[in-house]
Amino acid sequence: MKPLLALFKRDISLFFRSGGGAGQAIGFYLVVVILFPFGVGPELNLLARISIGVLWVVLLLAILLSAERIFADDLEDGSLTLLLTAGPLPEMVILVKLLAHWVSIALPLLVITPLLGLLLNLPAGGLWPLVLCMFIGSLGLCALATIGASILVSIRRANQIISLLILPLYIPTLIFGVSATTDLTFQLDQPYTALLILTAISLISLIIAPFAAAQALKANA
Amino acid sequence: MKIDRLKTQNLSAQKGERQLFENIEFELSAGQSMLLTGPNGSGKTTLLHLLSGSEQPRSGQIDMFMAANPTEPRGDGVIGISHFITHQDALKKNLTVYENLRFWTDFMHGDNSRIDTALITVGLEPMPHILAARLSAGQKKRLMLARLLTVSRPLWLLDEPSVSLDSEGQKLLVKLMHEHINAGGIIIASSHIPLGIEATYILELDGGRYMFDDDYIMEDAAL
Amino acid sequence: MFGLANPTKFMRFSGILLPYLIITTLGLFGWGLYMVFTAPEDYLQGPLSRILYVHAPSAYLAQAAYVFMALANFTGYIWRHPLADMAAKNAAPIGATFALLTIITGMLWGKPAWGTWWVWDARLTSVFILFIMYLGYIAIWQVIEDQVKAARVATIVAAVGLINIPIIKFSVEWWNTLHQPASLTTSGSAIHPSMLTALLIMFAAFTFLFTSLLFISIRTEINRRRARAMEMRILQQNIAQTNLSTRAAINNQEPD
Amino acid sequence: MKPLLALFKRDISLFFRSGGGAGQAIGFYLVVVILFPFGVGPELNLLARISIGVLWVVLLLAILLSAERIFADDLEDGSLTLLLTAGPLPEMVILVKLLAHWVSIALPLLVITPLLGLLLNLPAGGLWPLVLCMFIGSLGLCALATIGASILVSIRRANQIISLLILPLYIPTLIFGVSATTDLTFQLDQPYTALLILTAISLISLIIAPFAAAQALKANA
Amino acid sequence: MKIDRLKTQNLSAQKGERQLFENIEFELSAGQSMLLTGPNGSGKTTLLHLLSGSEQPRSGQIDMFMAANPTEPRGDGVIGISHFITHQDALKKNLTVYENLRFWTDFMHGDNSRIDTALITVGLEPMPHILAARLSAGQKKRLMLARLLTVSRPLWLLDEPSVSLDSEGQKLLVKLMHEHINAGGIIIASSHIPLGIEATYILELDGGRYMFDDDYIMEDAAL
């Protein structure tokens, strides 16, 4: 456990150290969410209508765009070689990095969701469903992002091409994430179906990701 | 974790269109060392990567025999029993000297009570709280060497370890290598300048050859 | 299949086969198009319904090519069969073209039929995503120079994509039924027998077209790589010579 | 001129080389724009209503998120030292890098705007105004991004904190960009006022940026 | 662009709490060279950065006098007249060997008709189309040296230039340095191992001292 714990702590502190504390992830969300009203206009009804969708897309983008970093810095300075050969099983190493990424990127969003919801005029009663669904969904998204990052580890500045590759994988999570949130918020017919599917997708992604990523990293070596 | 011997058979590596080396075979027992020499680009670093397990050889085999079971090669191959020091420093620039060393020590299941002594040995004790980004080239190298002291590993793979070290640092390196050999470890080191130890073997790589035939494409094409 | 393992045999074999493939393709297209323009028009949609004969076969091929590509990649991965990797690599751009063709013909049809170029309907969306998956896959081959490595990574991408195709199809359908009752369906009225024949012939024609294009594309790649290998060989000899003379010149002015 | 031309060509080819051709920037736009309908739902009217805003926000995000890279890679490998001391005036070097960044990031968006507009059901007649306003606005945005990048050049992974710093500077461009586009599209009262202001903002940013950035880089050394 | 002499006065540098060096003064005329030595972290790289103009000294002055006007120091200071080779390679990994060299040659107003010869001289002519990311450590160093050949600059600042070079490469380096000195250039080089040239001067940095008095805070405080 100690090696993995050390890795977890290192990844998180690297993330928060390198751009001015917890501010950075939160900064990103604030920016996008604040710019939106400027873009689409300040009508509250319209904003309320798209708020759930916008927040989900922003979560997804934040995970997508930072995915590259999961392995890139370690590749650049040679740490990756050691991480994969000198310590615990690669699959475990990848799982830990995935979780650290989730803590750095997704958790801050969950924390400030109440504020963002307010800014975007989120429908009343939509807050808890949103946080819950994002909690579950973001784990799966981070897992998928890890697969993408591992595939592209040898390509410099994969940031944007990575979007093309993992995008299709994200879509089911996005669809069920949004509908689970909507169903719960408005207490539709069967409010839990979408949530269950969302959970299943996330769990499966979480289980597959370490193996797929380890395979890809090996192929790349 | 005592090592008995390290044996390679028929090892070869290819990069792009270049066959770097072919059929490399050697056997090193505990307490022996090997020096890799050869011109720039001849494949020394590549060979060390193969031995560390971070790259797969194009063909051939690497077997480690542990002292506990000297007849049977180790199942995990070379994974997890070596130190690998190469051009890339594996240091995080945003972590301090201490944090960097602490991380690798923990990650490699080393002994973190040895960290302070190790920092003193490599001469970085005045600056544990400085970011690695601020270190000079030689100080970075010293920090990499500190890892050798906090984590015990039987096989040391050292890629031009003396680079950037001042004369005192080079002496330190020699001392560390001697101690490791005497304690029954194995060292494989590459270098362009004399390292200051008597290596048991010297392996000279000659630079390989270009393979113009893109393997399967040209296969028995009548050219 | 395994008899074609090596490129030379493949070149010989495909060289013989190719002309017949092309002729068959052209023949089928001729016949199919004749049928298309003599078949009765769909009474609902008028002459526009003829787009169907390009639209439906390309939709089928866009999907079939992806499956073919993934299978070829698997073969290459498991049996270390380089030619299979090349087949996969070369199938991708062709498949992508068919996906694009589906989208374009669909859009051309959509404007008059639905009054808009594009709607976010299940089928449309999943073809669009398929197209994007093709682009990602093609990019992998382009960005990784080492073809052996690229093949391995491409296999993982294709495999993940293959699992994902049905998932997307299902989820996208769910998505629409959840949010928007199916107001638009792409399946038209019952098909007239002569339309069906024409459609089937077009399917066959498109399949042959795909095979021919794939063969041509693989052959081109093999030839290109052989040419490059020869170029390198000649270049190397030239360099070796200039090298000697230049080095000699440099060494002559060696300082003491 | 030769040194600057060489730099311009290098920066562009680095950008396109590193992620698989012109695909990468375009990939980013496609991804975001495709995700939107999944997020907010497929209703064409709603999409049409927010399309101009969404496209502007996406343009802004693309420029914002890639801004870090303008100097980061050159800093990392030591090129920046030489770029600023071994060749033409730093101000000229920065201007050229800014333009190269614009060509790599903003131009592709302008090129595929017709397609994206189609997907988002952009109001008829909105295409040309959108492309024109984005052309003008994106130059200013790139200039502002360059200032931000220069300030943060010594902070690793500034990606997201950079957003906080230059965000306020972006807002005027966004506001006038969107309103210029809307005014032109729907031929409102004075369709050119917003466009003029937008142009002025961009020009001023473009003139100030090289000097401000050169100053910031010097302070950093 | 002929140089007459390079003169520094009262140069000092501080990093964090450490005063690396103080009051460094020297004067080098055309055709002279200086070797920087000193333990790891003593400030050799920092001094070279000051001389290249990429960092500003804490205090002191650097004046360049050109042959055309040997009485008046150059207005631009050291900007644009030196080559600076340091630990960071300034090579773009996604560009090929040729593209990298071509870029720096164009950017530094060099002569790109010399590129081919330069590649041959440094021994990289078989691989102009390989990405710089693929080069071995020594090959990267050779590519950096090629810049010295395609762009003429009177002042060469070389930070441990022999690192990673094989013996043939080291000979090449010595030859290049000789030629530059003979052509009336100035070289300032740092190294931990003998470089193979007779330097006119040797400047030994001793490692400086820690300044616990943060200057402006403590300035004329009566301690």
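A few remarks follow.
Read from first to last, the chains carry the letters A, B, C, D and E; within each, the first residue is number 1.
Here is the rule we use: contacts are C-beta pairs under 8 Å (C-beta built on N, C-alpha and C of every residue); 3 or more make two chains touch, one makes a residue touch a chain.
Since this is a predicted model, take the numbers as computed values, not measurements.
Summarising the inter-chain layout, the chain whose CA centre lies farthest from the centre of chain D is B. The most distant chain from chain A, with centres taken as the mean of CA atoms, is E.
Our note on geometry: chain A versus chain C, Cα centroid distance of 32 Å, whole angstroms. Here the CA centre of chain A is 25 Å from the CA centre of chain D.
In whole angstrom, the spacing between the mean C-alpha positions of chain D and chain E is 37. Taking each chain's centre as the average of its CA atoms, chain A and chain E sit 45 Å apart.
Of all residues in chain A, those touching 2 or more other chains are 18, 73, 155-156, 161, 164, 167, 171, 175, listed in ascending order. Residue positions of chain E touching 2 or more other chains: 87, 93-94, 126. Looking at chain C, residues 129, 132, 135, 139, 143, 145, 175, 179, 236 sit in touch with two or more other chains.
For chain B in complex with chain A, the touching residues are 49, 52-56, 78-80, 82-84, 86-95, 99, 102-104, 106-109. Listed in rising order, the residues of chain A touching chain D in the complex are 15, 18-20, 23-25, 27-28, 30-32, 34-36, 38-41, 46, 49-50, 52-54, 56-57, 60-61, 64-66, 69, 73, 155-161, 163-164, 167, 170-171, 174-175, 178. Here chain D touches chain E in the complex through residues 2-3, 5-7, 10, 13-14, 17-18, 73, 77-79, 81-87, 218, 221, going by the rule given at the top.
Across the complex, chain E meets chain B through its residues 15-16, 38-42, 44-45, 87, 123, 126, 130, 134-139, 141-142, 160, 163-170, 192-193, 210.
Listed in rising order, the residues of chain C touching chain A in the complex are 129, 132-133, 135-136, 139-140, 143-144, 149, 152-153, 156-157, 160-161, 164, 167-168, 171-172, 174-175, 178-179.
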